[in-house]
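The chains carry the letters A, B, C, D and E, assigned in the order they are written, with residues numbered from 1 in each.
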Amino acid sequence: MTADARPAGTARDGEAFFVKSLSFRYERRVAVRCEGLRIRIGEAVAFIGPNGSGKTTMLKLLNGLIGPFDGSIAFLGRPISHNPDLRRRSVYVHQHPVLFAGTVRDNLDYALRLKRIPKSDADRRVEEATERFGLGGLLKREAGRLSGGETQRVAVARAVAAGADVLLLDEPTSSMDAESEIAVRALLLELRRSGSTLLFSAHDEGLVKELSDRIVRFDDGRATSDNQGDLE
Amino acid sequence: MTADARPAGTARDGEAFFVKSLSFRYERRVAVRCEGLRIRIGEAVAFIGPNGSGKTTMLKLLNGLIGPFDGSIAFLGRPISHNPDLRRRSVYVHQHPVLFAGTVRDNLDYALRLKRIPKSDADRRVEEATERFGLGGLLKREAGRLSGGETQRVAVARAVAAGADVLLLDEPTSSMDAESEIAVRALLLELRRSGSTLLFSAHDEGLVKELSDRIVRFDDGRATSDNQGDLE
Amino acid sequence: GKETAPATRPTPANPRVRLATTTSTENSGLLSYILPFFTEDTGYTVDVVAVGTGAALKLGENADADVLLVHARAQEDAFMAAGHGADRRDVMYNDFIVIGPKSDPAGLKGSASSAVAFERIATVAAPFVSRGDKSGTHVKELDVWKAAKITPAGAWYKEAGQGMEQVIIMADGLQGYALADRGTWIAVKDKTSLAICYEGDAGLFNPYGVITVAPSKNPAINAEGAKAFSSWLTSARGQGLIASYKLGGQTLFFPNYKP
Amino acid sequence: MTEAIALLAGGDRETWWTVATSLRFSVFSTLFAILPGVPLGATLFLGRFKGKRVAVALVNAVMAVPTVVVGLFVYSFISRSGPLGALGLLYGPGGVILGQAVLAFPLVAAMSYTGLQKLDPRYSETLLTLGAGPWRRMTAIIKEGRYVIVQSVLAAFGRVTGEVGVSMMLGGNIRWYTRTMTTTIALDASKGEFERALSLGLVLLAIALAVNFLSHLAVRDDR
Amino acid sequence: MTEAIALLAGGDRETWWTVATSLRFSVFSTLFAILPGVPLGATLFLGRFKGKRVAVALVNAVMAVPTVVVGLFVYSFISRSGPLGALGLLYGPGGVILGQAVLAFPLVAAMSYTGLQKLDPRYSETLLTLGAGPWRRMTAIIKEGRYVIVQSVLAAFGRVTGEVGVSMMLGGNIRWYTRTMTTTIALDASKGEFERALSLGLVLLAIALAVNFLSHLAVRDDR
């Protein structure tokens, strides 16, 4: 698709998010402020900054989980409110995720059903995720009773299996053991190569260096990109 | 105090924890099993192992937060059930901690009051903790509304300020930013030098190397110490 | 009101009297009408507790009422015999009537007696709502069935177990018959589409009695107040006021105290 | 107590029949109260619409309406001259069940709403981000909060089992037809048979206790 | 509706007096129900003792006991021939308030318990590890769960405001003394004055609504 073929005001070719003059407050305190930010489809962007600087808040804003805010956020060229693409193509994974009642397998199946993945396809995807994330031993376990790291692994697996191509991951490996972390990193690299858009927050420098094309720095709520020209 | 002066069956001189033939299950699955483990006062011990291997469960067991279990756990020479020292001298900090309603300062004050720290002493301690953990900007904030890393920092500060000399910390820096992590590491080192006993779980090798005298490895619920002679 | 004549109103030591009575005396408006006069004359205020007949007697038995105004002669006599009461007097009477749909589908009008009227209801199996609560009215109804040599049973016979007013309202809802006391009927009739279908049988006499509870039962009983109420109600003044109470132009209760 | 046991063990046929009728009415009315009540509670919890506050307050406040008023309200619909008069529900089991369901439904909604309130907000966020529509979110949140929902259903069951106003008003307390435990108790109390009324109250308590225990077997407290 | 407004706006002194009396009784009885009820609920939540299950089921089941039975139960204590007869509470405000408190207290306990149930278990673990004794744990958990506690208090207030049995039985529905909104309504309904009864029911609903709104101002929903 070419940009020219689209009506005015829509996304430039390959633009995933376009944020302008954003400002969001919890009650009185401003938690996130961003003059402008453009994230292209297929980019892998790391959100870094000290605790409480607004990374989680920004990720939730980009996924339309919190609001209202001042300014504008567009996803694939359209405002995120009432944007059907948002739920179809992007998914957010909490810093400390929760799983639903039922087994781990139920959780995966459920997410696939929500994303309307056909049954035939679904089984294959669950199998794939199980292998990639080493969930073999966990599939039949009660999801609410897993350890911190296990929960995080399943939550990321659930998001990936659901097949969203824009992933917003909040400190995705913070509770994981070394082995899982390596596996998840490898997987995210692969997703990036295959064209998915990745936005993730992290305190772990290794993850940031290995995985990101670009860094957005957060400082006391102010988000600024290393990349110039985000705002024309 | 000398060991000889004590009745038989009590702790050896300077023994913080003594675990024997421990086995604990959540419903049917065994989550922790440990033939024997001895942790001396003043030791810094790291619990490492993959996700779901039992680190959190063991820390909670050692702090008497879950039960019942088979086998025995002694704290300062006495069984942990009905052991008044347990609550007076040790404290556990959750992997993903929660804070109480009220401000951050209220949380610190409250913990000090629970540990019966006299008022005069309390203010000094809160000041000290504020400085050490860089809580200056957070003291007056509503505790329930902090970010993940901020919450973890306050929770560790709360435990340290409460003046327990046996600290059980569950992945204490997993959500922290680099700066806080360095500060907390330094602080824990200092506590160790001043004679506190530290037990912590971690996936971060740096933390383990820098801080621990000894490692207890967890594998699928089985806890084994690097140190031989834990069991005579 | 203003204390216009403080000298004329007596001030008893214990000015609150507790009267347990059936709902019919309260809901017909009689008590609201006469009690202010009683207070005026004697200085006593009356706390009216309106309950079922059985409950009123039970309250007397437990000494939770000082005086009773009820209509269930057999139970009243048993109450006296058991020594729960100090003094029982006839106060007034009215009568029971059979009410039913204006169209009177069982054709009660012109029945020779209440027993005959009941027989007609049973014959056509017209809905009949019974109090079913061992109240004076219920006891009377059972007497009539006995006189008619009928054991009422079947879907048409609704043993409701509720107060008089509710039974009248139910009879209206079911377009059926019921035995009612005239006082309650007059008070409620405008809310229904029913009419009196049979009246006038001497057997349908409904006497009320006033009973002072035996003071020996409990020191908290206001014996003076109870006595004052009983005496006043049976005095010429009390009897006269009862006779003068009218609702919709009709007299509800007829005084009948005989010293 | 002994009298209560005697009443039941003695095999008094009428007492047993009344117990059974009470249960039948309560079970059906609770069922009919759940059907709209639980979804309404979940919707109030999930929804972000104007007037939500008012709706919540209203649903909470309805508890303060005496059962006899609820009875009257329903009466005005099912009385012969009311819009539903033709159904002939008044003074029959249908009337009692309808009235009790109307009584219990806001209770179920209010208690479900309040209970779900304490559910971790991450659950609804996760549902949202995974693309669950309103219906899926509702069913999923009911599943997550099933313990709380069961509690609200139990409360509703208790409420309808123990209420008098509606049963009296719409059922008429007709023997062998619409007489329930509670209307029997009210009748006994009005007859001055206080001991019997108290005994039947204990029987009612025992039934409620049994139902509570059974429900615990169904959905275990997962703390 | 119009009649309800007319009743109040028209300044009918007796109606206003009855409204005030109802409120007075409800406020005091709710207060007396909270004092033991909330701590009991919190204790049930925190405690790990034998018979806890039974206690919880019992407290839940009490809701199914008709108010008239609660009234009779309390009556047996405060009747002149009962153990507390000397206090002279029967057929006075004291009797109604006592009875309503007895009625509402298990409700407060049950609802507090259920509500706290959903509180994150880490709260009580944190309290334990910081060395809080039973008393501190109880007060702290009540503070953490204040939103839920307020809900249970509101429910109790609604319940006592709307109940008839206890008020009738222990207050005697004595005019200018113990007559409340609900006993007036019951009386009106029994006299066939359905419109007036319904109107007063609406007034009661309005009061409950107002109380609910006020409570929301006091403790905001923090979601």
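Brief remarks on what is shown
One rule holds in what follows: a contact is a pair of C-beta atoms (placed from the backbone, for glycine too) under 8 Å apart; a residue touches a chain by one contact, two chains touch by 3 or more.
All figures in this text were calculated on a predicted structure; none of them were measured in a lab.
Listed by label, the chains touching chain A and chain D alike form an empty list. Counting hops only between chains that touch, chain A reaches chain E in a minimum of 2. Among the inter-chain contacts, the highest number of C-beta pairs connects D-E.
Taking the mean Cα position of each chain as its centre, C sits at the greatest distance from chain A.
Inter-chain centre distance (chain C to chain D, centres taken as mean C-alpha positions): 36 Å.
Mean C-alpha position of chain A lies 33 Å from that of chain B.
Rounded to a whole number, the gap between the C-alpha centres of chain B and chain D is 48 angstrom. Mean C-alpha position of chain B lies 78 Å from that of chain C. For chain D, the set of residues that touch two or more other chains comprises 120, 189, 194. Within chain A, contacts with two or more other chains are made by residues 96.
Multi-chain contact residues of chain C (touching two or more other chains) are listed as 163, 166. All chain pairs in contact, by the document's touch criterion: A-B, A-D, B-E, C-D, C-E, D-E.
Of all the residues in chain E, the ones that touch chain B in their complex are 120, 122-123, 125-132, 136, 140, 143-144, 146, 222. Here chain C touches chain E in the complex through residues 18, 23, 27, 47-50, 62-64, 163, 165-166, 168-169, 187-188, 191-192, 217-218, 220-221, going by the rule given at the top. Of all the residues in chain E, the ones that touch chain D in their complex are 53, 56-58, 60-69, 71-73, 75-76, 110-111, 114-115, 117-121, 145, 147-148, 151, 154-155, 157-159, 161-165, 169, 182, 185-186, 189, 194, 197-198, 200-201, 204-205, 207-209, 211-213, 216, 221, 223. Those residues of chain C lying in contact with chain D across their complex are 51-59, 61, 129, 132-135, 158-163, 166, 170, 173-175. Residues 79-81, 85-86, 88, 90-91, 172-175, 177, 187, 190-194 of chain E are the ones that touch chain C when the two sit in their complex.
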